[in-house]
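Across the two complexes that follow, chain A remains constant while its partner is chain B and subsequently chain C.
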Partner chain A sequence: MDWHSIFSQALQQGLGPVAAVYCLAAIGLNVHFGYTGLLNFGQAGFMAVAGYAMSAFVATWGLSFWLGSLVGLVLCAVLALLLGVPTLRLRADYLAIVTIAAAEIIRQTVGSVSLLKYFGGQDGLQSFNATFNDLNPFTGSVGIPGVVSWRPYDFWTLVVCWVLAALCCLVVWALMRSPWGRVLKGIREDEDAVRSLGKNVYAYKMQSLMIGGLIGGLAGIMSALQHSAINPSFFATDTTFFAYTVLLVGGAARVLGPVVGTIVFWFLLSFLDLFFGEATSGTNPLIPDWLMDSNQASLMRFVFMGLALMLLMVYRPQGIFGDRRELALDAR
Partner chain B sequence: MPADRTSSPAPGGGGATSTAVVDVSAARAALRDVPHEPGAPKPDPIVVADGIRRTFGGLTAVDVAHVEIQRGVITGLIGPNGAGKTTFFNLLTGFDRPDQGDWSFNGKSLKGVPAYRVARSGMVRTFQLTKVLSKLTVLENMRVGATGQQGERLLRAMFAPFWRGQERANTEKADALLDRFLLIKKREDFAGSLSGGQRKLLEMARALMADPELVMLDEPMAGVNPALKQSLLGHVKSLRDEGRTVLFVEHDMDMVRDISDWVIVMAQGQVIAEGPPHSVMGDQRVIDAYLGSHHDQDLSVESVDLENQILAEVEAEIAGGQPPAADEQAEPAATPGDQRG
Partner chain C sequence: MHHRPRSHVHRQRFPLTAVLLVLMAVTATLLTGAGPAAAAGPACVKPAPRTDDTIHIQGCLSDTRKKPPAPVPDVKINVEDSTGKVVGKGTSNASGVFDVALPGSSIDNLGKTFTIRIDKASLPEGAALRNPKQVALKVSLKLDSDVFVAFPIGKETSTETGVAVQALQLAVGGLVFALLLAMASLGLSMIFGTTGLTNFAHGELVTFGALVAYGVDALPGTISVAGVNVTVAVAIAVAVVVSGVFGWVNDVALWRPLRRHGTGLVAMMVVSIGLSILLRSVFQYFAGAGTHQYSQFSSPKPYHWGSVLVTPKDIFVVLFSATVLLLVTVALQRTKLGKATRAVADNTALSAASGINVDRVISVVWIVGTALAGLSGVLLGMTQGFDYQVGFKLLLLMFAATVLGGLGTAWGAIVGALVIGLFVEVSTLIVPAELKFVGALVVLIIVLLIRPQGLLGRAQRVG
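Presenting the complex of A and B:
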């Protein structure tokens, strides 16, 4: 059992570009769910819209990467409007239903055969990251020598991702300490009370949906860049649920919750994967063949991740950063 | 019946009030000449409602032909369960839309105006089931109540210098109100940790953050223990004494008698009586609405005649299949709208 290699690779994932992408997605959800109480189950839809807009602008129409990214983010705001106008006046659960359906509609549409020439169907699009790659200042293997290292392109995406995540955290922090953020939190607690105090609840919810959707859009663009490709399977519903898991592990309604959550989540997920992989491989494996073979081992990470989540919800339901006193209020 | 006190000092925590006490005797005197009948015109109405009607399916919950609320006094809105008081409250404050009718606040029509604009125009309400923002501290709850905050605009919110000064002023105002409503020690606690009575106090104090002209209290005494009730009464009176108009829905007759200057009685969606508390309490229509028109008739074994008579009426009704014209002897339980308080 090569513990050093396991830890090194797990750390590579925990701090890596995938974790950073999920961090961005979860920051968006934090604005929606953590602060405003909006149940957005379609974060993958926002990611898909921005990711595909950027990719198609470059790969299909040969236009600028920057223009594509900008249009992608604008489309995210438009999507937020489209989803919000009919549902934000209704009860919270309607938004959940509409967003999860919208995300699937978007995924099926970009993967459809009739739009094959624009979005590449189920194979998606490639070779749209030249502009982004040209900006990469890193060469060779980058990281902390002897501890963890990344390939230069991965390191470049992870740096950009984490910088974006840091900026988003800063914006969220600045907003949530302000009276604006206080109104959002009030809406989460009881929107009628906030309405009775003269606040336009509908407008605040719409602003929240847009801001969280824009941050989700950034995550979609970075996800496409990080893979150097895009296809509909990136934006399946489990993407949204992983982002929710990241948020809940870190603690909802905490600025740094998504950051810590994503690091812990991806570190553990790949740690378990590597551990069970090693434990079942070789001539004399740690876990005997009759108990578990290497095919089964690759699925064990989800079993244990699920168990860990259950334990977390039982013993620390507020997440790593959450305040237990807040949850105690619900039990009254 | 208490004697007509002209300018009562604000008791129960009113000591910390810095607001000037307004002489309410003039406003009360103005009510002296108002006839004691439903829909009576007032000399200086702050709210005027006309032909307000709200139906839920086949049930007419509210059907108010005309009602006026006098400025500067405490008006009580009473009535048996299901009379439509809370629905009427919701309609006036924009939380529900009537099928027809028009109503105005300070002469401005509020028809079709959304609830948040109603609140901004100076008409702030509280709720029957208190709505505190549980996971915000008491102080934050208070701050939410302040109106016209620069920091509540998205683009300015990110930059603290835009709103820091205003926030400081709001905090001072909130502290003064918390002190007055005896919640200053709870300042940093989560509002969700407060007791039922404290929540009522917080809601009332929070409503005052907006400096409303008209405070609408939906059952301020519901679920409050008798000791705190006295204190709450004092607070409600102090609202009037600082020049605000108060309209409240209440079941507690002692409270109604004690603090209201004028009482409006609703039953089955309509205003059936109006007047000062003592005249309303003796009004036959009110007694009938609350107790049923047969309440003082003996229905025990001795009056078998009456029992038989009622039975015969009921049987005739069933046989005929034709319900008689709205006769008030039908028990209130027959109304399917009882859950609306």
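Presenting the complex of A and C:
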């Protein structure tokens, strides 16, 4: 077993562009769930809206990349409004069900044959990243020699993603120490108490849903750019669940929780993948063939991920960084 | 009313077993009677495998009006890429087989989607595609191997059927689906009602039933009673029992300790997401990613009821699930345990104070709910085949059904599922079939907007 290669590849994933995209998605969820207690299970829907708006603007209509991204983010805010109006007055589980349903509506609609000429059906869209690629200042592979290295385009998306994530963290940090942020945390702890102080809880929740949705939209755009392609399978329900796992590993209601969470999560996930991949390959594999073949090996990481999510929630719901007293997970 | 004699409870149980036995015998006959119809294979012989590095799209055209099916030669086939450009042409040979090589090596074509279009004008006089809308088949290349497709050719089924007949035909399919959805949703709703848990792993309980039955079915040999092959019937029974045990294990090993531990409802919801991912991966570990069908799976000759086609399997599934649903709801209304269940759903603390063993009631709810979900999974697998995420795909519709009917109420889940199931199928009259689930989910959101407590829920504050 080649431990050096396993560790370096896992590290490459942990710091890589995919991890950075999930970091952005989880920062959005942190605003929703960590600070406001809103159980948004439709983050993939926000990602899909912005990602598809940007891609379709460039690839289908031949318009500007920047205009497409802007429209995508505006649409995310509109989606937040549409989702919030019927559900923000309801209990947490209703919001969860409606958001997960909305995300699935969006995914199946953009993937449909009826809209094939706009969104490319199940194959999705390609070749929309020319503007973004032209800005790439890197040439040749970049990284720490012998440890990690990325192709120039990957490194460019990685840098942009992490810079965006840092900016979002900064915004979240500034917002949450403002009076506005304290009201949000108050809503999370006890909605009725905040209401009795004369605050419009509904409006605050709506603003939180919009801000988190916008950050999710950024994640969607970066996800499309990172793959140089977009298709409905990027935005399946599991995408949201992964983002939640990232958030909960790092610790909800902590500014840097999603950052640490995504690095740890993707490191471990690809570590398990590589480990079981190596353990089942070769002529005399570590794990015998009758027990596990290479297809089954690629599933082991999800078995462990599911198990880890359960154990985490039971024994350490505050994640690595969180504060158990602060995080009343049963908030509405 | 609480002092009904115990014998009453037992009297309820007897007809249940009797009905189950009768229904099982019916399945066995319905399924086995249909064997030969599916046994007739196509006349076409697959071309021998090649060793070069290209992918060919191959297929066979056979006329199913003749027995055995006769090959259809000289039909032109075009293969188009995803942009609609024609990349290959072929003509079917004397044995009805066509073979179109794709340009480029296999690596270039992997992951791409191609459309195989049949030239309708080149079909022989009088022959038509059995499904006139299916002039094109889409295939996406996932493996580095040739693709083999089949176009059934036969008498052209009339496209001129009236809207009413079409709606009726869709409603038959809708009813089958709705009843299966109802069985799955009932457990979800009852578990929510008694424990407050929004169980995201409920879809996996449906898949579990389908998988257990598949496991029994795949055992070597067949099980016969008095000369009738009852393997699938036995598989259904085993799946229901094992599912019930699985539900009990779920409760005792996971959810009850969590309730004791004082874990919040949102935390439990996240735990159920973890469980869902875990179980789905384990299912895929053992069952693979492909679609499975049971050994006695066949498409028996449908009955013509007027212009509507109904298969024996449809009739069986409708009768069986309607009976089971009726028995469960009657049990909830009439038996002592059923009343205790509704009392716990209404107010847990008060029912505990009045001497109801809440933990026992919840255990029973888990057992019955999971058994129902498992049964729904087997029957779903019987009607349309199943894969490792058949239940997960159903999860959102189950949520839609329970929310529509009113979360936590048994009748609500059934009514909601009937509405959603029928709506999903009948709506394909207007919306494209690929968007039929979207319609149901839109209904869910609209219902929440105007009547958040659901159709049958009591108007109380839910926020």
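In this section, the second predicted complex is superposed on the first by the 315 of 332 C-alpha atoms of A that agree within 3 Å, B and C clash if a C-alpha of one lies under 4 Å from a C-alpha of the other, contacts with A are read in each partner's own complex, and residues count from 1 in each chain.
Following the convention adopted for this analysis, a residue touches a chain if its C-beta (ideal position, glycine included) is under 8 Å from a C-beta of that chain, and two chains touch if they have at least 3 such contacts.
Since this is a predicted model, take the numbers as computed values, not measurements.
J.: Using the superposition on chain A, decide if chain B and chain C clash or fit.
T.: Here chain B and chain C can both sit on chain A without a clash.
J.: Which partner, once the models are overlaid, touches more of chain A's residues, chain C or chain B?
T.: Answer, by number of touched residues of chain A: C.
J.: I'd like to know which partner A:Leu274 touches here: chain B for first, chain C for second, both or neither.
T.: After superposing on A, A:Leu274 lies clear of both chain B and chain C.
J.: Is A:Asn200 contacted by the first partner chain B, the second partner chain C, both or neither?
T.: It touches chain B, and chain C stays clear.
J.: Once both structures sit on top of one another, what is the angle chain B-chain A-chain C taken between CA centres, to the nearest 10 degrees?
T.: Taking chain A as the apex, chain B and chain C sit 90 degrees apart.
J.: Counting only touches as set out at the top, which of chain B and chain C does A:Ala77 meet: first, second, both, neither?
T.: neither
J.: Quick check on the superposed pair: does A:Pro317 touch chain B, chain C, both, or neither? Answer first, second, both or neither.
T.: The answer is second: A:Pro317 touches chain C but not chain B.
J.: With both complexes placed on chain A, how many Å separate the closest C-alpha atoms of chain B and chain C?
T.: In the combined three-chain model, chain B comes within 9 Å of chain C at the C-alpha level.
J.: Which chain A residues come up in both lists, the one for chain B and the one for chain C?
T.: 329-330, 332.
J.: Contact residues on chain C for chain A in the complex?
T.: Touch residues, chain C against chain A: 82, 112-113, 140, 198, 258, 261, 263-271, 273-282, 284-285, 288-289, 396, 399-400, 403, 407, 432, 434-435, 437-438, 441-442, 444-445, 448-449, 452, 462-463.
J.: Give every residue of chain A touching chain B within the complex, in rising order.
T.: Touching chain B: residues 171, 174-175, 177-183, 185-186, 188-190, 192-201, 207, 325-326, 329-330, 332 of chain A.
J.: Can you check the complex and tell me which residues of chain B touch chain A?
T.: Residue list for chain B touching chain A: 93, 95, 114-117, 119-120, 124-127, 131-136, 140, 143-145, 147, 149-154, 157-160, 163, 167, 190, 192-193, 206-207, 209-210.
J.: Under the definition above, what is the set of chain A residues touching chain C in their complex?
T.: Residues 39, 85-87, 89-94, 96-98, 100-102, 104-105, 108-109, 112-114, 120, 122-123, 238, 241, 244, 248, 295-296, 299-300, 302-303, 305-310, 312-314, 317, 328-332.
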